[in-house]
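In what follows, subunit A forms one complex with subunit B and a second complex with subunit C.
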Partner chain A sequence: MNTVVAGITYRALLGRRRIILLLLLPLALLGLAVLLRVFGGDDQRSAVLLMQNFAINTVLPLLGLIAGTGVIAPEIDDGTIIHLMSKPISRPVIARTKFLVAVSLLVVFAAVPTYVSAWLLVSNEDGIAPGFAVGVLVAGIAYAAVFLLLGVVTRHAVTIGIIYALVWEGVVGTFIPGARKFSIQQWGQSVADQISDSAFLRTDVALGFAVPALIIVTLGCVFWAGLRLRAFSLTGDE
Partner chain B sequence: MSEIYDIGYRHYDGPRLGRGHSTRALAVHSLRGIFGLGRTARSKIMPFSLFVIMLLPAVVSIAMMALAQQRGLPYSGFAVIMQAVVAVFLASQAPTVVAPDLRYRVLPLYLSRPVSIAEYVGAKVAAMTVALFLLVAVPLVLIYVGELVVDMPGPPATGEFLGSLLMALVLALLLSSFGLALASFTPRRGLGVASVILVYLLASASVPVIYETLRSAGDESAAAWAWLANPFWLVDSVQSWLFGTPPHSIEGAYPNGPASAAILVVLLGIAVLALALRYRKAASR
Partner chain C sequence: MKMELSQVSRWYGNVVAVNDVTMTIGPGVTGLLGPNGAGKSTLLHMMAGFLAPSGGTVALDGTRVWKNHHIYRNIGLVPEREGVYGFLTGWQFVLSAARLHGLSDPVEAARKALATVEMEEPKDRRVETYSKGMRQRVKVAAALVHDPPVLLLDEPFNGMDPRQRLHLMDLIRAMGTAGKTILFSSHILEEVERVAQHIEVLVAGRHAASGNFREIRRLMTDRPHLFMIRSSDDRKLAAALIRDHSAGGITLRPDGMEIQATEFRRFARLLPRVAQAEGVRLHQVSPADEDLESVFSYLINRST
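So, the complex of A and B:
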């Protein structure tokens, strides 16, 4: 952890208009929760639907993508990463710092709004709100690690990330049940299911698989991103 | 003595082609850039793989017509069904059209030639529109040719096919003007991709939730308006008003009448206005 690197990364992500990009999604989530509340959809079924279909399915992967790739990909893209890499800071420390920044952003912009919007609908009934907040948090940590690695490995990180989140987790996961085992969203839902005992929340992946998978993916991706940064070659612009 | 200073610069005395040609050249250059032609192999991967994904349903559809004498995808519903791929194509390629010029601040160089801002933006929007139109229209044409070759029982659905081609053009124009307006707000490619896909996903993922909420509150006619928040369903509703095709929303019908067409025109106007404001500012720096 290096505070200067963290400070630079925060400024790059939150400065000027870029914070709008991060604010838009949680605001939409809260807005939908308020809308449901106003139109009388504040029962457990619609709360779980909103959480599963909007919070975990759309908001979380997108925020993970923006935060995870945003901490490093723009710097690689415009070449300013060279100023950071030429300093006597260990490259794995740079990767870890940027990962922690992404995680902190996901806590603020994903986990907290998820808790608030679920609480707006069903307050603390059956542990739905804390369950989904923790589920979003652990899945968000894994997303941050995966997309950080993707940002280091390829220049098309955002596009590939979108295809993973939309096509693999969305479409393939719907049609091929086996693919759900390899989906970060499903692991997050398993954790949420463990904490909440609502009858409307049903998950496909066992907790005994989801927790080790989350830990392995997170640690593995952060470690690999550090390795990639150690032998990093700046290629020219396309 | 004097020839040592003559380093061989020659005057241009060929034909002067004028502004129309420079705008056209800019548009063609942008269109080639969208598909990665004349660039590295790595930048061709994404557009062409998305293009191939768009062709797959057309191939399946032709195979169904040939083997089972059964129509697969309806022409009018093709764009709605494949909307995720079209949106990813727009998001990944729109920033490549506008971001480099903004990042390297070369806009004043373009404008020092007889190309005005309106022509520059027009060329970029035209290039993106043509690219998106090709993305949707080529599979449609393929299915239609397949239908003619297979010789399905009954008359070919020529009217529906031509209508869907026209709506593909309208959809391409709407998507490209909005996509370029969003992408042009940041000179960074990754952020541009993220902001375009973010707006699309917000529009598409919130629609079923809003629809469900309004419908369960018993307000069926208000719920129908929710579909118009997504550009693909908006264009589909205009299509079903103009050509009488069945709606391709997930469930329920669209609000009837020319209101959706009016919304479409207003949205186009907003996107063009945003582009004009953005580029007026970018050109003055």
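So, the complex of A and C:
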């Protein structure tokens, strides 16, 4: 972890228009929770539905994409990354620092709003709010790692990331039961299910698979991103 | 410190960008001269550890450069691309460089580096408000902040106004005199001549020539020159010049004649004398191939 790298990364991310995107999604989640509460949908069933279908399935992958790619891809695109990489700092440290920045953003913009919106509907009933907050957090950590790697590996990180989040996680995960096992969202839900006792929350992937999978994906992607950054090449305009 | 390149090549698919280059860059100022697209940036990126050679080795005092972040304690890099965070002020940018180097007194180092490039006054403005020359100078300050023994600059004078250019030239010369190893790339002969004690010429990815600027100049002036001449009697003049052997070949055209002069200096002295003796009036004498491209292509043909 390098504080100068972290500081520059925060400023680059929060100073640009991305901050609006980072704010809009959690605001939409909170807004929906408020609406449900106002119109009498503040029961466990709606709370779990909102959490599963909006917090984990929509808000989280998009925020993960914005934060995960945002901490590195724009800098690679415009060449500013050279400022960090032409210094005696090991490149894996740069990758790890940027990963932690993305995770911290997901705590603030995904995990905390998830907790608050669930709490607005059902307070702490059956551990739904803390369960989904933790589920979003662990899935967010994995997403940050995956999208960071994507941002290092390809210049089309955002496009590929959207396709991955929507097609694989959304469509394939919904219609092909076996594919659900390999979905970060499902892993997050398994963790939420473990913490929450709500009868409305049912998940397909066993915790014994989800937790190791989350750990392996996260560590693997951060490690690989560091390796790729070590071999980072400037191709020049020639 | 010495940057040693040994049989370095770099190719992209079937395209060879740098072809079997061996050179040693020692203390003092070295200019890497070559036309656009000659592979200067590719070579510089390999020296800076930002590109793996496809063949050969690049080493700094015997230490391999590729995948070795420790070299940046000794290298300052000024890349050609902007590469400056627009949202930072000049001061924050240079200070961040000092901190990234883990210097014991980053504030003082940043202050000194900004003073060196005369950027103290606008240092609190955001970089995005700077002119191209100012950005260039801030980049140089960031590269100098840890006082590195080796400085690599990719087309450093691009986009600078004449005054800034002179100032940076003075600065580079002074650092070279102080014993730093400095390499800068340029496609402008005059620029290189004014700053570098030593010149390496790169053409089409090949190491075409090497030497001090006098040697390079001589190579360039002694090559066969092509002149366009119009006179009152082209045929008579052509015959006289052929008799004197100072012209390798003459082509008569409706709008004048093209003369291949084998020895530039001799030919330059001879032409007016012959014309006077023959009573021919010269209307036009102009070099037909004085552009740098033809100079380079001569050098590359000579080296192969």
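Simple rule for what comes next: the second predicted complex is superposed on the first by the 232 of 238 C-alpha atoms of A that agree within 3 Å, B and C clash if a C-alpha of one lies under 4 Å from a C-alpha of the other, contacts with A are read in each partner's own complex, and residues count from 1 in each chain.
One rule holds for everything that comes next: contacts are C-beta pairs under 8 Å (C-beta built on N, C-alpha and C of every residue); 3 or more make two chains touch, one makes a residue touch a chain.
Being a predicted model, the structure only gives us computed values, none of them experimental.
In the superposition on chain A, contact is made by A:Leu65 with subunit B only, not with subunit C.
In the superposed model, A:Pro88 lies in contact with subunit C only, and not with subunit B.
In the superposition on chain A, A:Asp78 makes contact with both subunit B and subunit C. By the touch criterion defined above, A:Ile163 reaches subunit B but does not reach subunit C. Comparing subunit B with subunit C, the partner in contact with more residues of subunit A is B.
Applying the stated touch rule to the two superposed structures, the overlap between the subunit B and subunit C interfaces on subunit A comprises residues 78, 237-238. Touching subunit C in their complex are the following residues of subunit A: 2, 4-5, 7-8, 11-12, 15, 78-80, 82-91, 230-238.
Interface of subunit A with subunit B (complex): residues 17-18, 21, 24-25, 28, 32, 35-36, 39-41, 46, 49-50, 53-54, 57-58, 62, 65-66, 69-70, 73-74, 77-78, 155-159, 162-163, 166-167, 170-171, 237-238.
Contact residues on subunit B toward subunit A in their complex (touch as defined above): 39-40, 42-43, 45-46, 84, 88, 91-92, 100, 103, 185-186, 188-191, 193-195, 197-198, 201-202, 205-206, 208-210, 212-214, 216-217.
By the touch criterion given at the top, residues 12, 17, 36-37, 39, 41-42, 45, 48, 50-52, 67, 69-73, 75, 77, 79-85, 87-88, 93, 96-97, 99-102, 142-143 of subunit C touch subunit A in their complex.
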